[in-house]
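First subunit A sits with subunit B, and in the next complex the same chain sits with subunit C.
Showing the complex of A and B:
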C-alpha cells in the first residue's frame, strides 16, 4: 500500500475505535462523555513513559498504556457517577480540561512542550497493523458488550436508572464496567497516536478536538447502533480528504452537516433505512 | 438468620419522610404477614406512593425502620432490596423504552441470575408475559406500548424478579370492568407464588376483592386500619376518601344531572354544530384505530364518549386536537373544514384540550402553567380569568406558587382543567380526567364540570367511568373497535341493555 493509503487507513482505524468506545458509553450506556481527550491523553503519556523509562516494546506498551486510562476511569468513577445526565457530561469535560491544564503546568511531564519518544518510531506499515489489531480488539469487545446479557443491563440503566435499581440492577457496577472498558480502548488509541507522532504535548493529546471528532462521528453515524461509528468515521474522513485544501470550508461544512443530521436524522446515517421505512409505512 | 413462621414478612415502624418542610410520611407503621394482601387507600396526595418508595428503597426514610424477611433493610438501597425479594411497580410506568418488552423482563432475570441458562431465563420471562397478557407484545419496543399496557409491563417486570413481596402502585387505574376482573384474578393467582402483596389502589373493587386488611392514609398519617369490610363501612373513611362511591347501591342522582337551561335546549336543534366529525378514519402507521366516526357537538351541549380501552377514545381526542391527522374523513368547526390543521390553529378556533395524563409543565409553577394558555391576553383580563379558575378550584389558589407537578394527582388534574379554561375556549375536550383519582376527588372534578355546564360551556367528555359520564352528559356515544356502536341521549343509553353488553363484554 502507498504511504498515503496507510496514513489514511491509520487515521480511519483509530477514529473508528475511538468512536466505538464512545458509542458504548453514550449510545448503549447513556453516559454522554466529553472526556474522551482525558483518557486518550493519559494513554498517550503512559506510552511515552513506558517506552522511555522502562523500555517496554510498543506491542506491549500500547495495551498497558490503555490500562492507565482504565485506572483513571476507575479512580474518577465515584465522583463522576454522582452526576447524572448533562451534569455527568459537564463533569467529564471538566476532568479533561483539568488534566490538560495540569499537564501544561506540571514540569515533571514536560510541561507545555511535552515529551519526545526515545528511539525510532515504528514504520507506517507496522503502525497500520497495530491500529488494525486495535480495531479487532474493539470489535470483539463491542460484540461482547452489545449482544450479551451485559448489554441488556446496560441499556436498562441507560433508559431508567431508578427503575433498573428497582429490579435489582446494581447500576454503579454496570456503569463502572462500561466506563473502564471504554476508557481502556480510548487509552490504547491515544497510545497508538503517541507512537505515530513520536511525541506528546498537552494541547494536542489532551485537546478537545479528539472529543469533538469522536462525538461528530457517532452522532452522524448513528448513536446506539452497531454500524454507526464505522459509517460516521468513513463519512467524516472522506469529507476531510475531499476538502483538505479548504480547511475553513471543511469546518463550516462539518458543523452544518452535524446540525442537519441532528435535526432530520437523529438516528444518524445508520438509522436512515429504518427511519425511511417507517415514514413509508405511515403513508 | 432463619425466619420464624410467626414473624411478619414485612414490618415497617415509625417511617418518616420529609421534603423540606413538608412531612409526606409521618410515623407510619405497618406489617404484612406471610400470605397476606394489604391494601393502602387514601386521597390523592396522602403520601401513599411515598410510602411505597420508602418500602421499596427508592426513597430514604428520615426516621423509622424497615424489617424484611427477618432482616433489617432500612439502610439498603433499592437494588439490594430488590435482590432480597421486594418487587415494586411505578404508578406512572417507567419501562425501559429503548428495549423490547421481553428485554425489559430479561433485565430483571439477568440482574439476579447473571449465569442462568438463557433458555431458562427466556422461559421464565415468557411465562410471566403470558400471565400478564403481554405475550403478543414480547418483541415490540416498550416505547410502542400504550399507557395501560405499560402498566401491565410494570407488573410483569416486577414479577420477573420472583419477588417475595410485591408492591403494586395503582395498577388498576383506567381499566374497565372486564379488565379489573382480569387483574383481580391475576392478583389472586399470585398468592401461591408471592408471600405478600401491598396494593395501593383507587379502584375499590380491587381493594374489596383482594385485600384482607386495609390501611387508610391521610395527610401522611395512619388514619384507620382494620379488616377490609370494616374500614370500607366506616363513616370517617367515607368522609375523607370514598365520597359518594362508598354508598352502597347505585350512586345517588346528583345535582350534576340538572337539565340544561330550557331555552338552550329548545334552541339546540336549530343551532349549527360547533364541532362535527364526518366519517373520520385514523390510526398509527399500519394500525387503523378509528374506522368511520360521525359525531356532532352543538353549542351548549355536553357530549360523552364512552368505550372500553382500545376502543379508540384517546385516538379520537388526538384527532380532535390535530395531533393525529385523519386518513379519511372531515373535521368541521363552525362548518369550516379544519382537517389536517396543526394543533395550534385548531386551538385558536376555541377548541381546548384537557389531555389524558394531565401533561403539566413540570418546571413551571401552578400560576405559570395557567398563564401559558392565555399568553396574549391583556393583564386585566388575565387576572380575571385566573380568578375564575381559582374560584372553581380554591386548591390551586393556595398552591399558585408551587411547581405544577409537586401537587397531588387530583390537584394536577384540576390544574389541567384550569389550564384548558384559561384560553376561554368555546369547547373543551376532556380526556379521561378521572383516571387514577380517589373517588372523593372525582366527585369534586365532576362538580366543577357540572358548574361549567350550567354556565353554558360546550364539552366533549371522553370517559372511562360510565356512571359519572352518564350523569353529566346530554348526548352519549359508546365506541367499540373504532366505531360508534351506540348513541342517544343519556337516559336512553343508560337503559339500553346494549350498553352493559358493550362495556362489560363477556366478563360475567
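Showing the complex of A and C:
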C-alpha cells in the first residue's frame, strides 16, 4: 500500500476505534461525554513516559498507557456520576479543559511545548497494523459488551436509572465499568497517535478537536447503532480530505452538519434506511 | 509569598471579576432553569458580544460601557431567530438533542469568528484603559470596577424582571410546570424564546465587559462557559442571588489560586472547584433537577 493509503487507513482505524468507545458510553449507556480529549491525552502522555523513562516496547506500552486513561476514569467517576444526565457531559468537558490547562502550565510534563518520544518512530506499516489490532480489540470488546448481560444492564440504566436500581441493578458499577472500558480504548488510541507523531503537546493532544471529531462521527453515523461509527468515520475523513486546506471551514461545516443531522435524522446515516422505510410505510 | 499590597489588590480584583462572572453565569442559569437548555454555545455568544462591542467602539468611537445596551439589544435580537430555527423545533425531545445542537452552534460560531476575524487577540479600547484605581494598599484597574458595577446593576435588573413583572411571572410559571402554565394561558414557547434571548444578552454584555477588562480571541468562549458552569453549580440553578454570591466567591478563589500558583492557573482553579463542587456539594442542582 502507498504511504497515503496507510496514512488515511491509520486515521480511519483510529477514529473508528475512538467512535466505538464513545458509542458504548453515549449510545448504549446514555453517557454523552465531551471529555474524549482527556482520556486520549492521558494515554498519549503515558505512552511517552513509558517509552522514554522505562524503555517499554511500543506493543506493550500502548495497552499499558490505555490503563492510565482507565485509571483516570475510575478516579473521576465520583464527580462525574454524582449528578445525572447532562452534568456528566459538562463535567467531562470541564475535566478535559482542566487537564489541558494543567499540562500547559505544569513544567513537569514538558509544559506548553510538550515532550518528544526518544528513539526511532515505528514505520507507517507497523503503525497501521497496530491500529488494525486496536480496532480488532475494540470490536471484540464491543461485541462482548453489546451482546452480553452487561449490555442489558447498561441499557436499563440508560433508559431509567431509578427503575433499574429498584430491581437491583447496581447503576454506579455498571456506568463505571462502561466508562473505564471506553477510556481504556480511548487511551490506547491516544497512545497510538503519540507513537505516530513522535511527540505530545497539550494543545493538540488534549485539544477539543478530538472530542468534536469523535462525537460528530457517532452522531452523524448513528448513535447506538452497530454500523454508525464506521459510516460516520468514513464520511468525516472524506470531508476532512476534501477540505484539508481549509481547517476552519471544515470545522464550521462539521458543526453545521451535526446540527442538521440532530434535527432531521436523529438516527444518523445508519438509521436512514429504516427511517425512510417507516415514512414510506406510513403513506 | 507576594507582598500584602499584591495580595490585597489581587483579591479585590478577583471580587470585581467575580461580579462579571455572575452576570455571565446568570444567562446560562436562566436558560437552564427555565428551558432546561444546557447552552454549550454560551461562551461563543459571549465572544460574539465582545466582537460587537469591539466593532461598535471602533466604528462610532463611543465608550464601550455606553454601547453596552446597544450590544445587549443587538444580541437579544440575533438570538431570537437562532432559538426559533434551532432550539424550538427540538422541544419535547429531551435535553440531549438541544444540548448537542448548541454544541454544534459553538463549533460553527468559533470557526466563523476564526474565518472572519482570524485568531488575533483583541481588547476593546477605552481612553482610561490601564488607568489604575488606588485605595490604601489596593490597586485595581478602573475597568474592573466599572465592569463590576455594571454587572451588579444588570444582575439586579434581571432579578427585578423575574420577580416583579408580568413576564417574570410567566417565566417562573413556565419554569415550575410548563404544562400547567400552558393550560393557564401562558405562551410557553414565547417565554422560552425570550428567555433564550435574555440569556444571550447577558452573555453579550459579559463579553463587552470581559473584552474591555481583559482580551479575547475566537477561542476564549470555552473557558468562560465552564467557569460560568461552576458558578451555576455553586449558586443553584435559576437562583439569582445564589449566582451572584457564587460568582463573587469563585472570582476571589480564582485570584487566590493565581496568587499562590501563578497566573496561568487562574482558570484551572475555577475548573477544579467545579469538579470538586460536583463531587461534594451538588445539592443546589439536585433539588432543581430531581423533578
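Just so it is clear, the second predicted complex is superposed on the first by the 277 of 283 C-alpha atoms of A that agree within 3 Å, B and C clash if a C-alpha of one lies under 4 Å from a C-alpha of the other, contacts with A are read in each partner's own complex, and residues count from 1 in each chain.
By definition in this document, a contact is a pair of C-beta atoms (placed from the backbone, for glycine too) under 8 Å apart; a residue touches a chain by one contact, two chains touch by 3 or more.
The structure displayed is predicted, hence computed values, not measured ones.
> Both complexes share subunit A, so when I overlay them there, do subunit B and subunit C fit or clash?
Aligned through their shared chain, the two binders clash on subunit A.
> Applying the document's definition of touch, where does A:34 land relative to subunit B and subunit C: first, second, both, or neither?
A:34 sits against subunit C, while subunit B stays out of touch.
> If you stack the two complexes on chain A, which partner ends up touching A:155: first (subunit B), second (subunit C), both, or neither?
Only subunit B is touched by A:155; subunit C is not.
> Go through the superposed model and pick first if A:262 touches only subunit B, second if only subunit C, both, or neither.
Second partner only.
> For A:6, is the partner it touches subunit B (first), subunit C (second), both, or none of the two (neither)?
neither
> In the superposed arrangement, does subunit B or subunit C reach more residues of subunit A?
Tallying touched residues of subunit A, the top partner is C.
> A:170 contacts which: subunit B (first), subunit C (second), both, neither?
first
> Is A:224 in contact with subunit B, with subunit C, with both, or with neither (first, second, both, neither)?
First partner only, subunit B.
> Flag for me the stretch of subunit B that overlaps subunit C after superposition; candidates: 115-123, 169-177, 331-339 or 367-375.
Stretch 367-375 of subunit B has C-alpha atoms clashing with subunit C.
> Of all residues in subunit C, which touch subunit A in the complex?
Against subunit A, the touching part of subunit C is residues 38, 40, 86, 89-90, 93, 95-97, 99-101, 103-108, 110-112, 114-115, 222-223, 226, 229-230, 233, 262, 264-265, 267-268, 271-272, 274-276, 278-279, 282, 285-286, 289.
> For a test of understanding, state which residues of subunit B touch subunit A in their complex under the given definition.
56-58, 77-79, 82-83, 87-88, 90, 94-99, 103-104, 106-108, 110-112, 114, 157-158, 160-161, 285-286
> Would you tell me which residues of subunit A are touching subunit C in their complex?
Against subunit C, the touching part of subunit A is residues 32, 34, 76, 78-80, 82-87, 89-91, 93-95, 97-98, 101-102, 104-105, 208, 212, 215, 219, 248-249, 251-252, 254-256, 258-259, 262-263, 266.
> Tell me, which parts of subunit A touch subunit B in their complex?
149, 152-153, 155-156, 158-160, 162-171, 224, 278, 281-282
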